[in-house]
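A short worksheet on the structure shown next.
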Amino acid sequence: MNAKSESDGRGMGKNRIEALTDGIFAVAMTLLVLDIKPPVHLRFETSEALISHLLTLEHSFAMYAISFLVLAMFWLCHHLQFHFVRHVDRPLLWINLAFLLLAVVVPFSTNLVGDHGHLQFPVVLYAANLLALSLLLFLQLRHLAASPHLTAPHLTREAVTHLHRQLILFGIVPVVSIAASYYSPRLGMYLYVLLVVPAFVPGRIDRLTRPETDGGEPAP
Amino acid sequence: MNAKSESDGRGMGKNRIEALTDGIFAVAMTLLVLDIKPPVHLRFETSEALISHLLTLEHSFAMYAISFLVLAMFWLCHHLQFHFVRHVDRPLLWINLAFLLLAVVVPFSTNLVGDHGHLQFPVVLYAANLLALSLLLFLQLRHLAASPHLTAPHLTREAVTHLHRQLILFGIVPVVSIAASYYSPRLGMYLYVLLVVPAFVPGRIDRLTRPETDGGEPAP
Amino acid sequence: MNAKSESDGRGMGKNRIEALTDGIFAVAMTLLVLDIKPPVHLRFETSEALISHLLTLEHSFAMYAISFLVLAMFWLCHHLQFHFVRHVDRPLLWINLAFLLLAVVVPFSTNLVGDHGHLQFPVVLYAANLLALSLLLFLQLRHLAASPHLTAPHLTREAVTHLHRQLILFGIVPVVSIAASYYSPRLGMYLYVLLVVPAFVPGRIDRLTRPETDGGEPAP
Amino acid sequence: MNAKSESDGRGMGKNRIEALTDGIFAVAMTLLVLDIKPPVHLRFETSEALISHLLTLEHSFAMYAISFLVLAMFWLCHHLQFHFVRHVDRPLLWINLAFLLLAVVVPFSTNLVGDHGHLQFPVVLYAANLLALSLLLFLQLRHLAASPHLTAPHLTREAVTHLHRQLILFGIVPVVSIAASYYSPRLGMYLYVLLVVPAFVPGRIDRLTRPETDGGEPAP
């Protein structure tokens, strides 16, 4: 009865908050590539001239790919936490709106880094933007862990611990990036690849997120 | 049977109207940040020069954040009302299309305020835009209250009263903002933060929106 | 069994085609307003100067509102037809992709009309764009009427006749608009309001689209 | 029980990955048309002058239509594969994120081809972009074929073979396009129409994708 009413969208809007989140991330991730300005007004006589021009955009392309993956990681992390949500209360709603507000700023921050690759400040601003997003995910997790009436029963202590562990990296990498940017702004940005790498390592979270489907099937 | 057929998308399109609404709000809320033009064509030699330039965009950033939250509040208010909708008739459909038509104009209004912070007229236009949105939400609520065949049984008088009370603020703040804009256009805009503050106060509406899940669970 | 598997997204993608359609219409309807260029680079000393400038954009605003409502009407008409779809075959898929391809061009056509209000050709192009959309909806309806294995049982002859009648207006108004544009391009555009007006008239289609919910409830 | 919990969004996010994919494709397919710059700043005295200007945009329009259909084909192919997915594991997730990362680049590649129709390099870049997308769909199919615990039971060997056959064309056409571009860049692009043509041919895949609905209904 409970599960059914959720899929109907009852209880305050988990489904529609997810829809708004997915929509905003889809638009933001697509807009990232608009920041790479193709040479529209320039006319190139030869393919070589065009290629050499495109190579000057190499930094913008790298920043696009990094930001796309970073946004994807945050979307995924948000998604894993929301997987356990059954009801949305006001604090949870506001954490989510603040999260979206700051996620939408990421294309702007990326743009600044892409256009001013030689300066350190855009890298710091970018890191601050991501740190704020990490903090909100951390607050959300704490709120969920403390509010059993909002969550599914399979949000066990073990699951919370794992979600916490995952967030640590989201807090550390931006700080390391700021430190590295004093040495080289570009290195600071490339460090975000670290955020992606561990995601390839299979973890226990895969099992934790689907207890029903594992347990719901009687052994044949 | 009834509940199931709704979740299938039968009855005239509550699900798809919600999908269109979520999509349009997601795009509009993301486009808001495009109005903040980063200094693309300018090259800054030092981080300090870039920072001082970004500080001149402070007004645009503030307007972005305010408009994002204002749109989020309207999305939320629409969402709370639609929570009670079971069937969509023609008047409800047209109220929704007009609501979306005017919601899409908000980035334009925001842009005007952001670019002409010293003038009063953009603040009045912005307020008029929001007042029209509030009026449509008010019309929608009246239509729902008068059409029990369109709504879920738990849209009680108490719930209607609470939704009404919520809308009062959506009508008052823009009017106060216009009045304040005679004194200072900027103050007029900052007043919209008032729209957000009470949303942090937990209200009875939280309970009203999920009677099924509360009542559907037998006490252990 | 059958109904359940549809809501799971089985059968070839009615749900996801609807999601793509809703997404594309949401983006296209939001992008329309981007065509109204606010006076960004101009600085106005007084509100009066800004107002008189905005009044010169009056034609663009009117075109925005008309195109928004026209797109909404086409979305709605598509939605009413898809309401009866149970399975999607290849012809239906391709009709839908062509429909989306041409729907995305509407902001471009609108832009042309908005910027060249004194010329007749943009009005003709706009009408041609809408006529092509109407034709595709007509082809879709014919395909559905001839393919009972794709549709729900309540797509009766009566429902088909009503959907056909609705489409007649979508075919006539653009033709009348072209004729009127010889007299005045602007008049040609304002005629599209005709497309919207009859939508306010309640019709039998409201009943036809929800037989299950009407019939599924036993009389108390 | 299993089927129900999936439609609730449990198991790692097939529903939300689909939502993100649909959102990103909807935005990317709509942004394609933004690449066709209407003659905003030019004022045309006569419809003839405007028409002759629009005819110079003919190449851009053709590239828009081709890219729209190409993206639609990839979306469809992804959709057909995901139809069989029941659970998402990490490799599948990363294949999807890389797929989206490269799909978002398609409007950029299209833009390059549209603006530099006389050069060969953009055609090669475009082909490389599509080849990478095809490769990812191929990797996804291989992963699904080797991971029965992730897929629905009706992903039979026969279905895999058919999905493979479909992908061959997605690999061959870009290669042929590169070869043809040495002769004529424009011809290279028009060859992508080949990708669309066979999609009109009804295949056994139509039956393969809906075994439940075919088999689930007892003969009357």
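So that you can tell them apart, the chains are marked A, B, C and D in the order they are listed, and the count of residues begins at 1 in each.
FYI, a residue touches a chain if its C-beta (ideal position, glycine included) is under 8 Å from a C-beta of that chain, and two chains touch if they have at least 3 such contacts.
Everything quoted here is computed from the prediction, not taken from an experiment.
Colleague: Over half of the interface residue numbers used by both subunit C and subunit D, so same, or under half, so different?
Modeller: Homomeric contact, different residues on each side for the most part.
Colleague: Rotation angle, subunit B onto subunit C: superpose the C-alpha atoms of these two copies and give the value as a multiple of 5 degrees.
Modeller: 90
Colleague: How many angstrom lie between the centres of subunit A and subunit B, each centre taken as the mean Cα position?
Modeller: Subunit A and subunit B have C-alpha centres separated by 24 Å.
Colleague: Between subunit B and subunit D, what is the gap in Å from one C-alpha centre to the other?
Modeller: 34
Colleague: Please output the residue numbers of subunit C that touch at least 2 other chains, ranges allowed.
Modeller: Where subunit C meets two or more other chains at a single residue, that happens at 6-7, 19, 22-23, 26-27, 31.
Colleague: Could you list, by residue number, the parts of subunit A that touch subunit D in their complex?
Modeller: For this pair, the touching residues of subunit A are 3, 6-7, 18-19, 22-23, 25-27, 29-34, 36, 38-40, 43-44, 46-47, 50-51, 65, 68-69, 72, 75-76, 79-80, 83, 199-200, 202, 206, 209-210, 212-213, 216-217.
Colleague: Using the touch rule from the top, collect the residues of subunit B that touch subunit C in their complex.
Modeller: Touch list, subunit B to subunit C: 1-2, 4-13, 16, 19-20, 22-24, 26-28, 31, 37, 87, 89-90, 93-94, 97, 100-101, 104-105, 107-108, 111-112, 115-116, 119-122.
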